[in-house]
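Order as written gives the chain letters A, B, C, D and E; numbering starts at 1 within each chain.
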Amino acid sequence: MTRIIKKVSLKTGLPPGSLVHIGEETAKKTTISIIDYNQESFTETPDATVADCRSCMKTDTVTWVNVSGIHEVPILEEIGAAFDLHPLVMEDIMNTTQRPKMEAYERYIYIVMKMVYEDEKADEIIEEQISIILGDSYVISFQENGKDVFDKIRQRIKKAGGLIRKSGADFLAYALIDAVVDGYFNIVERFEEMIEFLEDRIITDPSRENLSVIHDTKIETIMLRKSISPLREMIGFLERGESPLIKRDTVIYLRDVYDHTIRLIETVETIRDMLSGMLDIYLTNVSNRMNEIMKVLTIITTIFIPLSFITGVYGMNFRDMPGLANPMGFWATIGLMVVIVMFMLLFFRRKRWM
Amino acid sequence: MTRIIKKVSLKTGLPPGSLVHIGEETAKKTTISIIDYNQESFTETPDATVADCRSCMKTDTVTWVNVSGIHEVPILEEIGAAFDLHPLVMEDIMNTTQRPKMEAYERYIYIVMKMVYEDEKADEIIEEQISIILGDSYVISFQENGKDVFDKIRQRIKKAGGLIRKSGADFLAYALIDAVVDGYFNIVERFEEMIEFLEDRIITDPSRENLSVIHDTKIETIMLRKSISPLREMIGFLERGESPLIKRDTVIYLRDVYDHTIRLIETVETIRDMLSGMLDIYLTNVSNRMNEIMKVLTIITTIFIPLSFITGVYGMNFRDMPGLANPMGFWATIGLMVVIVMFMLLFFRRKRWM
Amino acid sequence: MTRIIKKVSLKTGLPPGSLVHIGEETAKKTTISIIDYNQESFTETPDATVADCRSCMKTDTVTWVNVSGIHEVPILEEIGAAFDLHPLVMEDIMNTTQRPKMEAYERYIYIVMKMVYEDEKADEIIEEQISIILGDSYVISFQENGKDVFDKIRQRIKKAGGLIRKSGADFLAYALIDAVVDGYFNIVERFEEMIEFLEDRIITDPSRENLSVIHDTKIETIMLRKSISPLREMIGFLERGESPLIKRDTVIYLRDVYDHTIRLIETVETIRDMLSGMLDIYLTNVSNRMNEIMKVLTIITTIFIPLSFITGVYGMNFRDMPGLANPMGFWATIGLMVVIVMFMLLFFRRKRWM
Amino acid sequence: MTRIIKKVSLKTGLPPGSLVHIGEETAKKTTISIIDYNQESFTETPDATVADCRSCMKTDTVTWVNVSGIHEVPILEEIGAAFDLHPLVMEDIMNTTQRPKMEAYERYIYIVMKMVYEDEKADEIIEEQISIILGDSYVISFQENGKDVFDKIRQRIKKAGGLIRKSGADFLAYALIDAVVDGYFNIVERFEEMIEFLEDRIITDPSRENLSVIHDTKIETIMLRKSISPLREMIGFLERGESPLIKRDTVIYLRDVYDHTIRLIETVETIRDMLSGMLDIYLTNVSNRMNEIMKVLTIITTIFIPLSFITGVYGMNFRDMPGLANPMGFWATIGLMVVIVMFMLLFFRRKRWM
Amino acid sequence: MTRIIKKVSLKTGLPPGSLVHIGEETAKKTTISIIDYNQESFTETPDATVADCRSCMKTDTVTWVNVSGIHEVPILEEIGAAFDLHPLVMEDIMNTTQRPKMEAYERYIYIVMKMVYEDEKADEIIEEQISIILGDSYVISFQENGKDVFDKIRQRIKKAGGLIRKSGADFLAYALIDAVVDGYFNIVERFEEMIEFLEDRIITDPSRENLSVIHDTKIETIMLRKSISPLREMIGFLERGESPLIKRDTVIYLRDVYDHTIRLIETVETIRDMLSGMLDIYLTNVSNRMNEIMKVLTIITTIFIPLSFITGVYGMNFRDMPGLANPMGFWATIGLMVVIVMFMLLFFRRKRWM
């Protein structure tokens, strides 16, 4: 699992509303796709122009404009002009270091979120910024790169008769938010598996690699929480139905996503608590091993040092030493040693070291 | 005691309101039982059909529909249709990874809780999701499997003249909530006994098994808190009497359950504090044992190393060494050793190591 | 000092309002005493019956009914009926595991608190549940056992002309609450003395007994806080004068008790902080002692091991070894050893180990 | 620096409003001084009587009554009567264990604060309780002992034309509060110097004395915070101008003190954080020293033990041992030892222990 | 990186509103520069007098007065008089130990912030106090020293046609606040780099220098947070548009800065969490190294001590010892030793120490 740390960085010293792309530049060029639908009709324009957007907006169908790639400043400027977006909104869309937030403007709501998903090839977690503009009859979504994360929603729209076809632009925005929140569940589940795996390992093998895995997972949890926790307030606002752009029927669905968000936050908190607990276990295991090592050292040393002393005494070269000439001297000494060892073993037993 | 961890998991990518059972599938098939009562009459239909539900609803008696087993999608769909429940509610009922919550809809309140009880055979704590729908004259309860946890309430209803027979559907819902909260008290009491048992053990025997018991209990406490703490807000809402479905007389009873919930939360907090304290004691005991081991090692080593050195000196093979030929040489050396030992013992006494 | 832990325990599975005594059964039988007074008159009935209560209530004097012993269900049921108390209130009065709380009913306020006092004979802290019912012209107090904790208040009522004689039932309730809060001050003061005593001991003697005293005091602090902290909210509610049963003049006095409660909570918090600090000191002292032990071991070992090696070399039995035959060989070797010792001592000095 | 701990203590069992002095009794007798001023006139009565107070009150000038010494009950009772103060206020004034607070009565505001200042002779921090009564045209201040802490304010009043002379009693009260808050800044600055001094010391010398200084400073910080933090709420209330006794012009000045209070609280928090950090550093240094000691022990032991073994082998008295008779045997053995030492040194180098 | 700690210090004992400069006195004299502009015109007066200020104020253009150097009391008094500023505001402007805050007066808003920037020459972080007065058509900014931190804003004003030229004084104030907040981003980014650098180092090399870098960075983070966190409340107030001096169009821009502030606070929190995590890693690494050292010591000692004992036995000088005369005695002994070593190695392997 790779880090999901993104550096805070902000163009400084420029006037507000200056459009500059901040973030890693992905190679792909910016593409626009438009889906235009109502209960009866469905039109898809995969490679649309800004002019197409303008014409679609005039119809009374729901229009979903999806923009992949946000580094081409002129095209984004054009889109901003077409939909009459505030320069600060355009600036935020292009700056991929945003914190998830929601801003209500007069004629539209601006939502920015972090989508996470696994790149199975690279075994990486990828974090991508998703900006959503919700107007009265249109939704514009901006993705950093063109990975088709919203494909399932597109399929649901295509199928005639679905709930999404009967509902307005606010329901489409809900569906997009729901897809982003679902993405977190997949990642959090992976974290839970990691924890379970670690729990078993940490007891049998308190090695240094496990420590570093715990540490990395902890930092990733911090990062994940940073992305998830603003969602609570954000979706909470939408769910309270304070904006006229959100219809009453959609509020129930938003309440459902809100609920999921709270569950996510609680799960992340639980993961953090468990990681802390594991670190405690790790440290205690290290201490326990130390104790065990010290016990062995002490037992061996304490048994043999007095014995060695006795051999040392009879190894001295004094001419007159009692017992040296006695044929039983050696065996008496050995006997004394056996008594000392027995006494020591008894002592360790009483101390419960053996 | 077994873990009560349940993994977060959510079907992702499906349209909202899609009915899919999430959770372990219990073998039993879905069964419906209906109890229909008012102050005068009492009817019980143990093996009812959805059609029976429909007919009961039309009477002005209180109807309690209990559904055991939530994995058979068609039956649950039928029930949802019979009582006109929102697709999202049906989806939540079938997904057993819900967080306890309460949602007020126009004509009913949807309550979801986690019931815990001990399976005495398996020495396990079992967590089961209970969903309750409270309408104006009916209550529907959904259990994961058919263990008869609500049997005592059924007995109370059977007995004519009880408070429950005189009251409406809201009082029945209260009785069910109360039964769930009572279940937590049993488990929390077991935790308290465990703590008391651990407290005695931890001081006499800081073994590794005790550490792992502390750790496991800590994680179970985290899980328990996760199930209990949302109850506060949930019952608090009901108790404030903001819903027209809750009558004024019932509010006093809900206040009582609310009170129990707060007591539960505080007790769980206390258990956590005590477990942390125990971990501190454990760690300090480990340190103290280490100190004791080191003391023994140091005393033995420090006494014998100088003595061994002296024997080493007189064990050297130099031709000319003072005292070797002296008949008292050996005894003088032994005397020197005794003096050294006495001095060392004095030193250790002054350091308070002995 | 003894533990003040009480187990959470709740009769489960019974219908609400079932009167069952929960708690240790004290041998004494339930006794009722009535004090009836206004500015002019004073009547005391030490061994009253429930019928006496009924008759007293009808007069327009202030009536104080004190019930000692709460385990005799029939008598308590009779009292409940006489004063028309809600079954849930009666249930709570008899269950001694209540959390301090206040409940406003239509015609009375129900207050439950934990009173603590020292049993000097047994050197124990005793926790007793006090329930107070405040009506418009009467106060009923329920004690677990008959220890005369309210005797001072009784004396004050007896004396004609006191403030309490001029005031109503609400002032009497205030006086009872004040007496309970005063009880905590006595206990908290004992804790502060304990802390002061520990602080001196912990520096001179980091023994295991002190650790266990710190741990026990910490747990008792947790228990004490659990009893005290709900008082804040409870007295705060009374003090805000939201109940018509509390007169404006009494509010100033309740504000005084409220203030005392906050002071108590803050002092308990300070005690906790100081205990944590002491635990840190204890642990650091243990580490420091370890360091000192290790230093002695290392100095002794490091000095003698090279010396022993030298004696070992000259203890080998090779026929041809330089210096053995030299008459100064022995002294040269001893000289070498002295040089090594001096060098070692210098090294330890530079490392600041000596 | 000395402890500023004061024990909680409360007369218990007395009726409310009983005047009893609680605190250390200072030898000095109670003295009253009166300053009476308006924009034009200024009168000072250094040794006034309660009768003087009564006469001053009738004039429409601002009257400042300063009472030094609060242990003479009769005089304080007289003052209480003269200004018609509530018995509970008089009780609180005489009890020096108050927590800083503010209480609004009908015709006056009662303020109690803790003033701290250094007694330079004794190198002590002294904490003294200051009570202030603010009426419509008078201020009464009560000090524990007569140290002239308000002398600078007295000087400012004496000078004609100052802001204080033009303002009312509320501005005088502000000036007194400001003086008390200023006192804290002096003490906090001393703490900051202590911290800076400790930071340098702790790295060069992790001795046990420094540990105990850290611990003591930590406890003093806890005590200081306990005195300062209630000021926030208290001054905040005054500053919001909710009392008619506070004029609009004074509110701006109170906002200034409020601001200072917040700065004080934040600084004390920072000091706490830094002390915790220092404790961590201390502990880590202790661990590091231990590691260093162990390294030396291990290196010496590990090098010499195998060498000693070899000498032991050739010290055995077997008749037939290879090499004993060989003239190069001794040198071959020495050579083997040199090889072992070199190998060991290489090993330690690779482990980065040397 | 240098410390950014500033001591709390307050002139004490002076009447409120006394102008005294508190802070390091920078050598430069106080200079005033005026920029006067509206959509059409632009005038810059680099070395202006207070009289120039007065005349500019009368025009209906936006006037920006920038004052560099705040230690010359007479000039600042003059400016205060010219713009009719409250004495307390003037006092706060000259006291550089302010906490960031905002105060709304009747005709102007007073804002005080801490600007941070790197002095690349000295490799220092410099903290400077910026005071801003926002009136209806003027902005006055006070800097501690003359470093041209607002130069980019000056350039933007010079260019005709920019947004800033079309907007009022409130937009200019926003631009200044934005510049200050941008400054924090640069510093926080440096901290993030430091963290990344430390993370790599701490695992490969747990030296004492790294510990002290972690500690220093932690303290700097505390200081930084102290400067940043009050900005949240402050800008939040402006953004809510509660002051008539802030126009509706500017509110959107203030919301943008508010958002940046929250992002800053969260990043600083994350840095703190990561530093704590690093300290844990450091400590665990120290423990692990200790364990490793102990293992080596124990293995060596435990293997050689029994062997040395055996050599000692056969080194004794008893006349009658079995095997001494046996030609295979030596080899049998060596064989026994090999067996012991093998047994020991097996034992260590099973304990997983090797």
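By our rule, a contact is a pair of C-beta atoms (placed from the backbone, for glycine too) under 8 Å apart; a residue touches a chain by one contact, two chains touch by 3 or more.
Keep in mind that this is a model prediction, so the values were computed, not measured.
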Mutual neighbours - chains that touch chain A and chain E alike: none
Required minimum of steps from chain A to chain D, each step between chains that touch: 2
Separation of mean Cα positions, chain D and chain C [Å, integer]: 26
Separation of chain B from chain D, taking each centre as the mean of its C-alpha atoms, in whole Å: 42
Junction residues of chain E - those touching two or more other chains: 287, 290, 294, 297, 301, 305, 308, 312, 315-317, 321
Topology of the chain contact graph, where touching chains are joined (line, ring, star, complete, other): ring
List of chain E residues in touch with chain D within their complex: 7-10, 12-13, 15-17, 86, 88, 92, 97, 99, 101, 103, 208, 211-212, 215, 218-219, 222-223, 226, 279, 282-283, 286-287, 289-290, 292-294, 296-297, 300-301, 304-305, 307-308, 311-312, 314-317, 321, 323-325, 327, 329-330, 333-334
Residues of chain A touching chain B in the complex: 152, 156, 162-164, 178-179, 182-183, 185-186, 188-189, 192, 203, 252-253, 255-256, 259-260, 262-264, 266-267, 270, 273-274, 277, 280-281, 284-285, 287-288, 290-291, 294-295, 297-298, 301-302, 305-306, 308-309, 312-313, 315-322, 351, 353
